C-alpha cells in the first residue's frame, strides 16, 4: 500500500481537487492515476510536481511523443516499475507504435551497455567533444 | 589513460581497420573517437559492439535524432561523463537545437524526480496500466 | 522466495541465534525481519552486517531519526523495494512524522532531478567548492 | 565546458538576473555557482528549478541542515561529482561538522550495501512492513 | 504482463523459432524463458541480443561460472528483479554453490558500499592507478 | 581534494597507523592508497571498513581474482571512477590478463543491456526461477 495512502477525489480537499481537475482537463481523461493520489497527502508537492510536469511535457521544441519516449528511457534505465508501466501507457496514448517501442528499447539497452564499456575501459573524453 | 590503451588507425590490425573504415564510412567522418580506439584492444567486442550500434541507430520507426536524444537521456541518467559528451555532440550533429537540448534535459530531470517519488511513496501500479 | 531460504529462530544455530538475540535486544522488539533471516544462511555475513549496522546506526553526531531518514533517501534513490518498506517503517518507529516523510520525499526527488541537470549540462565544479 | 556555456550576471537578461538576484538574496551570498549559470541558457528551467529548490529546501518539518544532508546522501549514491562538491559545501555552510559528515558517509555506504544484499538474496517484504 | 506480450514457440514465426531452437540447443534445455518470449515481438532485437549473449557467455579467458557470477553482480547492483532471479538460477546450473553465492553477495554489497565512500569523500585517483 | 583531506602515515594517530600497518602487511605492499588516507579522518569507519574488506576479500569459496573481478563489475556498473581505477589495478595484481579484462567488460556491458530490456519489456519472472 502507498506509504501515506491514496486520496480519492471524493475525499479530497478543495486544494487537491483543483489539481486533480487540472490533470483531467489537461490530459482529457476522467480518472486520476495512483501516483497523484499518493502525492495528494502532501498538497504542496502535488501542486509543484504537477505544475512542473505540465510545463515540461507540453509541446515545445520537442513533440509530446518524443517527451514520453524520453520518460520511458529514463524510467527503464532506473528500473522504476511504476514509471515504466505508467509512461509506456502514456507513450502509447501519445501515438507510440509497437515498432517504435521496440526500437526505443533497443537504444536504451545499447546505451546502458556502451555507458559501462566507456567507463570500464576508462576512456578519456576526446578533445573534439569538449568544445 | 584508457585501461588497455588506445589503438590508432596506423597501428591497427586489418581486422580493426575494417571496423574503423566502416565507422567512418557509415558516419561520413574522417576520424575515430576514443571509445572505439579503446575497444580495439578486443577486436571481437569492437566488431560486435559496432555492428549492434550500426543496426540499432539506423533510421527505422524512430528517426536518428530521436535515437541520439534517447542515448543522451540514458547517459545523463547514468551520469556517464564520456557518453554525455560524445552523444551530446552526436545529437547536435544529427540536428538537435539548443532549445531541444534544453527540453531534453528538463524531461530527463523531471523523470528522475518522479521515478523516486513513485518508488519512495510505494505507489502500486494502477490496474489500467497492467493491460 | 529468498534465494537461500529464510532461517527461523527455532531452526537457527546457536551462532545465528546470538545475532538474532542481539538484534531484538538492541531494537527492543520480539521478532526478526526477513532480511536477517535471509542473511542467516551465511552466519559470517549475518554477524558482520549486523555489527556494522549496530555501530553505524547508534546515536552519535547524528541522531537515530536522521540516520533512518538518510537510509530511506538512499533506498529510494536506488529503488530498493524491500529497503524502502523496511526503513520507512524504521524511520516512523524512530519518530518520523507524515510531514517529515513528505519533505524527505520532496528533497530526494529534487536531488535526483538536479543531479541529472548538473551532469547533463556538463557543469564544471566551481573553484570555491574544491577547497 | 558546460554544454550551452555559462551565463554571467553581467551578460544575463533581466529575466535571468531576477532569478540570480533571488538566489543571492535567499542564500545571503554575493555570487552564483556554475549550476545556475548553466541553467540560465534555458530561463524557463532556471526559474522553475530555482522556485522548486527554494520551496523544498526552506525550513519546514525538517530543518535546513537535515535537508542538505539528504541532498548529499542522494548525490553520493548517484555519484554526481558536481552535486557532491556543491552540496557538501552547502551542508557545511548549514552547520554540518566533520563528525556529522563522517557519520553521514557511513550510513550512505551501509545503506548502499544492504540495498544490494536485500535485492540479491531476493528477500520478500515482511507483512508487517506492508501496513 | 509483458508490454508486447509473450510469444510461445507454437505461435512463433520461422525466424523466431530458429532463435528459440538455437537457445535450447546451446543451453541443452527444452524450454524458453520469458525474457526471450518477450523479445520475440522484435525479431531483429531477439536475434541480435541472443547472438551477442551466445558469443559473450561462451567459455573463453573466463569460465562460464565466472561469467554468470559477473552477471548476478551487475543485476544485483542494478536491482533488476527479473535478472537476479534468472541469472542466479543460471549460475547455480553452472555449478555455483551456496557458499559461493554467499561470498558473491558479500563482495557485491561491500563494493557498493566502498563505491559511495570513495565518491562521497571525493577521493582523488592515486597516480599509481593511472599508469 | 578529498573532503576531509588525506592523512599520511607520518601524521597518523597510533590507531590509524595500526590499520595502515595491517593493510600493508595483508597486501604485502609498502604504501597506502588515497581511499584509506581519506577514511582515516574517521578512525571508526576506517577500521570497520578495512576489517570488512579484509574478511570479505580473503580466499574462500571464491578465489581472490574472482572477487576482484566482481568488484570491477560493480564499480563499472556504478560508474565509480576511483573504484574502477583502483580495483582494475588490484585485479591485474591478482593475475587478471588483458583477455580476461576484455571478457569481463563484455559481460558487464551485456548484463547492463539485458537488465534494461527485461525491465523495459516488463517481463514477468518465470515460475521455474521462483523455486
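Note that the chains take the letters A, B, C, D, E and F in the order they are written out, and that residue 1 is the start of every chain.
Keep this in mind: contacts are C-beta pairs under 8 Å (C-beta built on N, C-alpha and C of every residue); 3 or more make two chains touch, one makes a residue touch a chain.
Note that the structure is predicted; figures quoted are calculated from it, not measured.
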| item | value |
| --- | --- |
| Separation of subunit D from subunit A in steps, with touching chains one step apart | 1 |
| Reference subunit A; chain at largest CA-centroid distance | F |
| Same-residue or different-residue interface between subunit C and subunit D, half as cut-off | same |
| A-F or A-E - the one linked by more C-beta pairs in contact | A-F |
| From subunit B, the most remote chain by mean C-alpha position | C |
| Centroid distance [mean C-alpha coordinates] between subunit F and subunit B, Å | 27 |
| Of all residues in subunit D, the ones touching two or more other chains | 1, 3-4, 44-45, 49, 52, 56, 77-81, 85, 88, 102, 104-106, 108-110, 112-115, 117, 119-122, 130 |
| Pairwise touch network: line, ring, star, complete, or other | complete |
| Partner subunit D, residues of subunit E touching it in the complex | 72, 76-77, 79, 81, 84-85, 88, 104-105, 108-110, 112-117, 119-122 |
| Touch list for subunit F against partner subunit E, complex | 1-4, 31, 33-35, 38-39, 45, 49, 52-53, 56-57, 60-62, 66-67, 69-71, 73-75, 77-78, 80-83, 85-89, 97, 99-100, 102-104, 106-108, 110-115, 117-126, 128-130 |
| Residues of subunit A defined as touching subunit D within the complex | 1, 44, 48, 52, 55-56, 130-131 |
| Residues on subunit D engaged by subunit F in the complex (per definition of touch) | 79, 88, 98, 101-102, 105-106, 109 |
| Subunit F residues within the subunit D interface of the complex | 3-4, 41-42, 44-45, 49, 78-80 |
